[in-house]
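Chain nomenclature is as follows: A, B, C and D, assigned in order of appearance, with residue numbering initiated at 1 for each chain independently.
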Amino acid sequence: MAENDTQSRRDVLKTAGAAGTVGLAGLAGCLEGGNGNGNGNGNGNGGDGGSEYPALGNYPIEGDAATLGFNVPQTGPYQEEGADELRAYELAADHLNNGGGWVDLWDDLSGDGVNGYEIDYETGDTATDADTARESASRMIERDNAIMYSGGSSSATAIAQQGLAQQENVLFMCCLTHSNDTTGGDCVRYGFREMFNAYMTGQALAPIVTEEYGDDLEFYQLYADYTWGQTQQASMRQFFEEAGWSEVDSVPTPLGTDDYSTFLQEAVDSGADVLFLNHYGLDGSNSVSQAVDQGINEDMEIVVPLYNVPMAAGAGGSIEGVFGTDGWDANLDNEPTRVFAEAFEEEYGSTPSSPARLAYSATMQYAAAVERAGTFYPPEVIRELEGYEWDNGGIGEEIMRECDHQTMRDILVVRGLSEEEQDAESGRYWEVVEQASYPDAVGYECDSGPAAECELGEYGDE
Amino acid sequence: MLLETKGLTKRFGELTAVDEVNLQIQEGDSLSVIGPNGAGKSTTVNLITGLLNPTEGKVLYRGEDITGQEPHEIVQQGLSKSFQTASIFPDLTVERNAVVASLGAEHGSFSLNFLRRLGNYDDVLERAEQTMRDMGLYEQRHVEAKSLPYGDKRRLEMALALASDPDLLFLDEPTAGMSPDETDDTVDLIERIKEERGVTIVLIEHDMEIIFRVSDRIAVLNRGAKIADGTPDEIQGDPDVQEAYLGGVEI
Amino acid sequence: MSEQTEAATPGESADASGLLDRWDGLRERESFSIAGAIAFVVVFPMIFTNLPAYNGYMSLVELIYIWAIFAIGFDLLLGYTGLLSFGHAVFWGGSAYAAGLFSANVSGEPLLIVLVAMVTAIVLALIIGILSLRRGGIYFAILTLAFGQMMYFIALGPLGGITGGEDGFTGVTVDPLLGALELGTGFAGVLGTLLHDIGYVLFAGFFVLAVAAAVRIVRSPYGAIFQAIAENEQRVRFLGLNVWRYKLAAFVISGAFAGVAGGLHTIHAQYVAVGSLFWITSGDIVIITVLGGIGSIFGPVTGTIAFLYVENIVSGEIAFWLLVLGALFVTVVWLFPAGIWGIVTGIRSTVREQLLGDDS
Amino acid sequence: MSVVGSVVGFMIQTLAVSSIYILVAIGLSITLGTLKFVNFAHAAMYLAGVYIGLGIALELQFSGDIARSIGLGNVGLDLGFLAALAIIPIITFGLGLLMERFVARPFYDRPDTDQILVTFGILLIVQELIRAFVGGRSLTFSRPAWAEGAISLGPLGTYASWRLAIIGITSVLVLAVYLYIEYTDVGLAVRAGTEDTEMVNLLGVRATRPFLVIFGVGSGLAGAAGVVGGPVFSVVPEVGVGVLVPAFLVVVVGGVGSIVGSVVGGLLIGAVEVGLVMNAPTWSSVGIYALAAVVLLVRPAGLMGAVEVDE
């Protein structure tokens, strides 16, 4: 289906809705007046440069406030991550309207709304379910006229939502999604991701872990049997075999597995030296703590390639000495990190997690791109975001690639602390071993890795 | 011979509920099956009508082996059963009850007609109406079956069994729990059915008065086995029956 | 809703309450339900999306029709036949995947997509029905639940390469209806106000069709037999009817409704989530149907509106809407087995009795 | 690794995986066999075992929104694992009696479907209540110190000591209940009830002491399963349904109403799961459902089900 037609559909619906308000009494007038095809921009076109661009998606904005949609899991397994993201989103909206945080650091932003519009927002609950997420997003787009929405704490919800973004010509700024597919086979023109992916995790981990544990080792992988787990497993194999290690076996664990003991027993029996546990969130906490429980850390080294804070908190002391990666840490020593962490702490009394920074950053990136474009017109905002380079996001130099909308950026390689050294208050569960930097340590060309499978689709103004 | 059982046996674990029972029923006859509680009367009927599968033995209907067939197959061949407790559709109207019964008779055991209006099947509706009129339930056709008085419920139950125009009808204690008046009416009804429809009847009953009024032949079961079989007069005089079942009771 | 045979109702003499009787006669007609459904799809979106109190939006209206089709079919099984399936997600999700795969690989024609979805659901229902109906009552519920979960795990793991696994199926492509009518094309004038666009007509049209089909099925011999099976299965067997086959028929018919709904959902969402096969989807349809009121056509529709409204609109305002919904559900099962719709019809008949005096 | 070693390893894994399923299944099976009551809310007993057990053994964190809004903090008796294991069966026994009285009894005479619906609804409520008070995130129910780490059984391999502890605890509990049912009046009533369905159809019989006790015992076992399983499975509100479905499969496979059936069914399901994990991991979640389907085709009453199927 061509995007133009889809988009016209919603405009018509809005028009019809407006007509409906008049009610049946106005039927006679409608008989002559309606042209039935996309005249949603007839009125309410505020101070956005008049009819500079045609109507597209929810552009132009009616009234003097631009609505953003924050769609995060408020129930379900990722609700902790979701709650932290939501705090950051709300903080970002506040800063955009009233100044503070990164608004004060970034030249593009004014602290007096965005492009003359006040920033308003609606929240939704994805329940970490793809259908629910999509439905919630479509409500934001259709009823609340969101001009951009953001969120997602799993690859499935992110992929479901960005498909909708492309259909409806409304921008989606991905938050927490680590699957290669988000900016690989399932990438879209209207979706952007600052989070790194499994491929980049492999690139960052391999040199450091192989250096730590030695050459020519054998490794064994358990991976969650869904797209994210599969891509991460493939990436680990690729980069660790390139580094000289050899894979003994790699075994999928079905989604919904609670009890990993049989899988782990098989892993021990294989005689490999290193065990990769490609599980995330709750599953990650479970598999690593069960592995330690089973005494596996006495025979093998354990690596959990992707960490996050709630997961580390769940696993407790089991992650001692275990290598992994994360996207950001509130204890990093740079100005944007300090400014964000302080603002967050002041507002909510807790240390922000890396998903919170992603949420904050996504909102800021979008706002800045709108300011640079001078309009909310989606294709122009997309072009502003594409190829944009920045170094004021707290994690060094970053670039939003034009070819696949994947941000090329640094990744933190971290190592779990012992239970005594961990500090829940300040969110310290690991030490940063190294900031693996782009392009020296991580990154890939547009025709290789996941990017090779990406076709972004249309801008909507062709 | 309309119906015949040969060595019909049913065992539940250790217990032999029915033990090599041989019954013969001639067309047009009325057979009563009697015996003390736990003698295996109901189990025997359940074996014949397909609710239970016999451990051993055979059931022949018009000379054909129908052992192990499903109840609906057996009903479709012309055997019907009226239950001891009024087994009706309590939340449906009397008419609806009769219509469902008529569907089984008119359309066979299964029919792919889920997109055709029931109201267009005149044959079904006529049969339902006829059945209700026969049983004197027509006036109450819009009443929910559960609101009927007990006697009427039992008549509805019998109407359901008769809607298919069976050749052979099993009546399991048709007057249980009835007042003397209701009992009288029911016995009249049974005799009328016999005469007007020419239905062969197998009656399971305790009430000796009814048995002797209705039956041409009587089979006596005790502890699962048949101990006597004959005309009412023969049975009355049978010493085994006196001993095992009737005890000292005057008949 | 009492479903009398049509032949039995007319011909009664009109007495003092003749007007009410004529109204009843009208209501008994099949065409009345269909006309009601048509009137509903014309008026509902206007009220739902425009009155600020409701806060609705068009996509939710369409979603309501789609789930309502699912619920109506589910009620033919639960409400009419008395069979509780806890695995209906298989037909909804399975057909949604079939629709998605078909649209991506063969044709994006919406009507063909729905057809393929329905056929898939029918085949699945035949297989699962034959296996699950070997046991009655509680075992049937457990078995359908088990088969449902089995399909979920199959789609998630072994068939992940085809279904997209956890990420869901993203390759849905929907073509114009009948090769010419873009779903997004709006209507002009009055038609635009009432019927919005081709897509709306598609979803609303299938909803009306589903109501019509359900009303017809309920008034067919099957309707009578289904209800009889629900009340006294053994008796039906001893009326010479093959209960097992009728149960299977009820299961397959209800699966077919779920299939149409699943296919439409693929067209609507242009995406298939693996969660559509999860037991929670099966649980949702149980809750929707029971809440609305089993044993009627409009009960499930009422339940769908209530559930989706709470899930998509109220959920933002009440943090524990699931808890509230659970409590409501238990209350209905416990005290009001006829559901919300039953309460409505109960009030209606009380009013009637007041009007008519003591008229039985 | 030796053949003996892998066989023993397979068996130990199977036992460990089966244990929790068996503990939950027994209660389901008995109430289904004797009272003809189908109880989805049985999983609520498991949840009670996990969450109350956590509160007894360690510290239960109240971080749900309702808890937060009324300022509920953390509650913990910190009595240790054994205390939880001893107290929880008593608590859930009591909860079971309450459930019998206030949930099951009003529904004995209502259709199966109503029983399923109401118990499903109650499970939903319990689950959401936990989410509202304790929160939806996963908690850590750490193992007792004495069962941490691994034990080496020489050539038979190395096993998590917690696994072996689970097997031991389950064996003791199951054996105790088995003896109880086999050699006491309560047990007699249960066995009679399973065989004679007519008898239990009379409400009066159902409400007598032995049937109450048996409802409680089943609940107690499910509660104990929560304590034993807490450290293995995730501690999240959804875990109740997570164990309920396999437990139902155990009942279907093993046959209703007998403890031996539940044990056999549980072991078979465990063995299939472990076997598939070792050989075809992608299919390991699917296999147990396929097993249930096959058993049902071959023996509709389940492997140990003696009762003739007349539905």
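Rule of thumb we're sticking to: a residue touches a chain if its C-beta (ideal position, glycine included) is under 8 Å from a C-beta of that chain, and two chains touch if they have at least 3 such contacts.
What you see is a predicted model, and the numbers here were worked out from it, not measured in a lab.
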Third chains touching both chain D and chain A | C
Result of counting contacting C-beta pairs for B-C and A-C, higher pair | A-C
Grab the C-alpha centre of each chain and report whichever is closest to the global C-alpha centre.
-> C
Distance from the mean Cα position of chain C to that of chain A, given in whole angstrom = 36
Centroid spacing, where centroids are CA-atom means, of chain B and chain C in whole angstrom = 41
Averaged over CA atoms, how far is the centre of chain A from the centre of chain B? Could you give it in whole Å?
-> 72
Would you mind pulling out the distance in Å between where the CA atoms of chain B average out and where those of chain D do?
-> 46
In chain C, residues with contacts to at least two other chains | 153, 156-157, 322
Could you tell me which residues belong to chain B and also touch two or more other chains?
-> 51
Within chain D, the set of residues that touch 2 or more other chains is 131, 282, 285
Enumerate the contact residues on chain C facing chain A in the complex.
-> 45-46, 49-50, 55-60, 63, 108, 153, 156-157, 160, 164-168, 170, 173-175, 182-190, 192-193, 196-197, 199-200, 269-271, 273-276, 312-313, 315-316, 322
Chain D residues touching chain C - in the complex, by the definition given at the top | 32, 38, 65-66, 106, 111-118, 120-122, 124-125, 127-129, 131-132, 241, 245, 248-249, 251-252, 282-283, 285-286, 289-290, 292-293, 296-297, 300, 309, 311
Counting only contacts in the complex, chain B reaches chain C at residues 49, 51, 70-72, 75-76, 80-81, 83, 87-93, 95-96, 99-101, 103-105, 107-119, 121-122, 124-125, 141-142, 160-161, 163-164
Okay, in this complex, where on chain A does chain C touch?
-> 1, 5-10, 12-13, 15-17, 19-21, 23, 27, 30-38, 75, 123-125, 129-132, 134-136, 138-139, 142-143, 154-156, 159-160, 163-164, 167, 179, 181, 186, 225-228, 230, 252, 254-256
Residues of chain C that touch chain D when the two form their complex = 78, 82-84, 86, 131, 134-139, 141-143, 145-147, 149-150, 153-154, 156-158, 279, 283, 286, 290, 319-320, 322-323, 325-327, 329-330, 333-334, 337
